[in-house]
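One structure is given below, represented as structure tokens, and several questions about it will come after.
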Amino acid sequence: VQELINKATEKCFAKCVPKPGTSLTSSDEACLARCLDRYMEAFTVVSRTYTARIS
Amino acid sequence: VQELINKATEKCFAKCVPKPGTSLTSSDEACLARCLDRYMEAFTVVSRTYTARIS
Amino acid sequence: VQELINKATEKCFAKCVPKPGTSLTSSDEACLARCLDRYMEAFTVVSRTYTARIS
Amino acid sequence: QAHARVNDSIRNLTGMCWDKCITSTPGSRFARGEESCLSNCVERFLDTSIYIVTQVQRQQQQLLQAQGDS
Amino acid sequence: QAHARVNDSIRNLTGMCWDKCITSTPGSRFARGEESCLSNCVERFLDTSIYIVTQVQRQQQQLLQAQGDS
Amino acid sequence: QAHARVNDSIRNLTGMCWDKCITSTPGSRFARGEESCLSNCVERFLDTSIYIVTQVQRQQQQLLQAQGDS
């Protein structure tokens, strides 16, 4: 789980904070929250598809 | 060898299947076959050059 | 330190030698020397900021 | 250990298919086509993996046969 | 060991923030804005890291509460 | 072990030089210039590696000398 969160942090930082400024704005945070939700959903879709396929 | 094949799979999937659809078309497969051959050839060129240089 | 130098080599090769020719020109070497200095400086800035933040 | 390998694969596939399929700014749900792209990405990657391994095996077979003939 | 982990983080952050901030050809000093971009990159990445962990914990809390209620 | 390190280097160089040199869709042979780009890529990377190590050593030398002078 830790590694999944690290990966989500890296991907969402790349997407939501392209030009790091002097603070994290509230719109950066809103983007990060949505991005985290989507990343976890993507993980679920990938797990489901992969498991269905190899079993 | 396993790791080389994994790398070839990753690189050729990126090149030949940019937009994954509902199946692998025959033109995707033709691209993958050529890509695999080129990747192995690239590995040979790199090995030969590297070995000649460090020996 | 070895890993830092490897990373600098990789990043500076990408930046200064985009199209590898039959030899390393003197302008490639000048670029590499400046790039190495900047990479080490970047490492210092990142270390300083990180350490100040987590201590 | 097999379990750990499956988990690794799923984590790697998530990262790779995320980069391939999620190109818009993250919204409160997936954009049109993103979710099907993710599952197609996994399926096609597994197809690719099988196809490549089959090709490698076929070539090794041909090489062995050619050696046997000579 | 904690020391090795900190060193790893600093090395990784250097690589990531280098790619994000150093876009010009390397000169005899940093170009305008590159040095502040590097330190902002580290600070904002740590902010992001904390924000994401907090979000995950909040969601787990809500999940546990919802299970307790039912 | 040295053998494994050489194999790792060759695999990494193959991936890196592939990305740098093979930009067209794969054909039934390399496109014009791709094969020479691959071998130049390996040679120039090794040159770069040697050049960077030499620079680092020279700077360490200067640092030690400066310390000796003071």
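By written order: A, B, C, D, E and F. Residues from 1 in each chain.
As a convention for this text, a contact is a pair of C-beta atoms (placed from the backbone, for glycine too) under 8 Å apart; a residue touches a chain by one contact, two chains touch by 3 or more.
In this text, all values refer to a predicted model and were calculated from it rather than measured experimentally.
Path length between chain A and chain E in the touching-chain graph (shortest route): 1.
Within the contact network of the assembly, the step distance from chain C to chain F comes to 1. Taking the options B-F, C-F or C-E in turn, the interface that duplicates A-E in more than half of its contact pairs by residue number is C-F. Between B-F and B-D, more C-beta contact pairs join the chains of B-F.
Inter-chain centre distance (chain A to chain D, centres taken as mean C-alpha positions): 21 Å. Taking each chain's centre as the average of its CA atoms, chain B and chain C sit 29 Å apart. Counting partner chains per residue, chain E has residues 43 touching two or more of them. Each of the following residues of chain B touches two or more other chains: 12, 16.
Listed in ring order from chain A, with chain D immediately after it, the chains are A, D, B, F, C, E. Here chain E touches chain C in the complex through residues 6, 9-11, 13-15, 17-19, 21-22, 25-28, 30, 35, 38-39, 42-43, 46, going by the rule given at the top. By the touch rule above, chain F contacts chain C in their complex via residues 16, 20, 37, 40-41, 43-45, 47-49, 51-53, 55-56. Against chain F, in their complex, chain C makes its touches with residues 5, 8-10, 12-13, 16-24, 28-29, 32-33, 36. If you check the complex, the residues on chain C that touch chain E are 3-4, 7, 11-12, 15-16, 31, 34-35, 37-39, 41-43, 45-50, 53-54.
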